[in-house]
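A, B and C are the chain letters, set down in written order, and residue numbers restart from 1 in every chain.
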């Protein structure tokens, strides 16, 4: 499930880098002068106490918020402003803190919606449906069913997602993001609200996605155990500022990080 | 027992993606079509054909149009009446200027005019949503209505301000104007409505329908998946207005035989909106059901008391209709916001296990 | 060229050459603007306290007026008819709260909005059924409302101010002032503001949402009644007024949905703008521009400042 297009970036090279990004809402500074990079093929965790600016950072990478300062370089192309659909077209997909599924649709339709960018048959063929449009629909259905198998959500494919329990909703949302065959997958608290068993399942899925499909993953997570187990490198934010950046072990023993989580004033 | 899927295994994704995957549903549709094509005209009852079936189909078409915009894409519009009017007046002018061209061509072409106007008034949807957008569509409604009155060119400078439908033929058969028979007009309307329903159904079950629903349900997530909001919304406005425009043209040319601006007023907009609220937002079947209910209601209110020996004045019928519709809207929104279509689905579920309730 | 002159210069020339007409037009605009503002006021009351966009507010104006006149014509003395009309509006508030608001608690706003369409249509049907569909004449003398006009000879000509309009302006101002005092000084007023801020928080301090909603809808009903009396006195009472009442919606766009001063300012702007444009530019395009002018202004506002003059900007968070 490798997305193509753009200069070929080798595993280990920088896929996305954030340089001196600052974001403010009115007087509130969400992110101040943050720089870090994400290497292709790695799992990068973004952690920090509540209100540290993690989700805002993800939103900036996505193109949902435009930073006041700084630049983002993705696959070699640098921009200061990016529209959300440009991010999507470039191969960035994401899940949301509060599950952002399309409630009026079934799980299958939600994941099929993730294939939208890849479905090319135009309006006129869609009007007729039978013929090229239907063939395309079936072709993408195969891909979607592969994801459904992978996430083990076969039974619920025809259930309207509003009726699904929270854990399954998160899985469907992951499936929808995977359907885009992204190069970079942004996960915003994928384990939030899950019990131990669900967390283990989700961790396994994330590792599998990274292993089998080579998808680069950036995730925000509060569960330290998960972060230490899953991630290759970690970036720590506090009050919108980067306070640490390194491997899980390095970050774990960094005094500044410990202070931030304990609430020590600095 | 009758309505079972047992044994109907879909062995390919293609079969599973069919719009009516269950055999009994397909039989049902065939039966309905048979009744529509053969049964209704066979009654030779002008009232049923001309005062019930033909307008019912025409309103269903408008309901489908509005459902695409409001039900599937979530853009509440109060301008339906005006868009129907655009179609009607466009058709009138086109056939006045080019009388030798087939009127059916102009009926379809007028849809494109309505689509263009729809896209224009849909541009604000880039920045505004929800009931703010509804108020913007009110601007379209009142402005276009004003145009229908104040631009005499539209009604060929007719002193009365009204348009009268000229006689037109199709393969030698008169289909518009006072001499066209009820059956002829019914067949034309039936053909157009069936065809356009099929097209709309194809659209909403595929990629484009999913895009519309994504925009409706969570436009932020949709955008972050690569769905461009403005083109998707404008497409909804275009297709929706196309359907409303054709419906308007059919209404004037194949049913009323004439019209004046007040036909396309805000009341018309509300009527169609109520059809899709009651029938079911985001459902093709719902559009039919809602149109049937709203349309049949005043007729029933007129005839049932008469049969019971207590005839009502026509103004009373109108007032009671308003009251019943108002209450019905509230009841549906409370009990089953997804409308009659959902009630029908639930009914079918129960039918699946009939006669064994568990 | 001539066209440009007619559009850009001539109307102002007309304004300057007959200042008395200008003042007259301004006054008329002010009066109708004030009545729009009153309708918008009812909207704002309900929206602030329950988050419901009450599309039926305009209809409530007509319904209230119709009820008053209908009861009077049935032989009831004027002030008792007034009291009964007030009672009817209270009953309406109660029925709406019980029958519509309570069952739909927690539903998305758009559902509640559509429910108010249902209320609108029901009131139209019910009102016409009970009181008849013919336009009625609003009772003015029995309510001691003044008749006639004051004529000023000024501005090189004559300006006529209807006494009724002056009375309307005074009473409307008193009502707005009264409401302002009510909100800021009384216990119920504070409770209303609490509910407007946050339903959950208000519940947690023991405020009964249902009672508040009845009170608010009743208050809006009273405002509607007063509006209906004055508007009905200027033009007859019939459901054709509904279209005029719909114009309160653009007023809300201008003024913001949650601001009482906004409703007033918005109403005055729309009322003035409408009258001026219709009087001086109307003849150029064919009359009746007031059918859509308010909406087009609202549309322009929506595109550049969606929150209106006084409303709050909403930032979407993901």
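Just so it is clear, a residue touches a chain if its C-beta (ideal position, glycine included) is under 8 Å from a C-beta of that chain, and two chains touch if they have at least 3 such contacts.
Model, not experiment: these values are computed from the prediction.
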Closest chain to global C-alpha mean, per-chain Cα centroids: B
Of all other chains, the one whose Cα centre sits farthest from chain A: C
Averaged-CA centre spacing for the pair chain C and chain A, given as whole angstrom: 49
Separation of chain A from chain B, taking each centre as the mean of its C-alpha atoms, in whole Å: 41
For chain B paired with chain C, centre-to-centre distance based on mean C-alpha positions, whole Å: 33
Of all residues in chain B, the ones touching two or more other chains: 220
Numbers and ranges of chain A residues touching at least 2 other chains: 64, 96, 100
Chain C, residues touching no fewer than two other chains: 318
Complex contacts: residues of chain A adjacent to chain B: 62-64, 84-85, 87-89, 93-94, 96, 100-105, 109, 112-114, 116-117, 119, 121, 123, 126-130, 133-134, 136-138, 141-142, 145, 176, 180
Parts of chain C lying in touch with chain B, wherever the complex brings them together: 53, 99-100, 103-104, 107, 109-111, 113-115, 117-126, 128-129, 133, 243, 246, 249-250, 253, 285-286, 288-289, 291-292, 295-296, 298-299, 302-303, 306, 316, 318
Chain C-facing residues of chain B, complex: 76, 124, 127-128, 130-132, 134-136, 138-139, 142-143, 145-146, 149-150, 220, 266, 270, 273-274, 277, 315-316, 318-330, 333-334, 337
Touching residues (chain side chain B, partner chain A) in the complex: 12-14, 16-17, 199, 202-203, 205-208, 210-211, 213-214, 216-218, 220-228, 235, 282
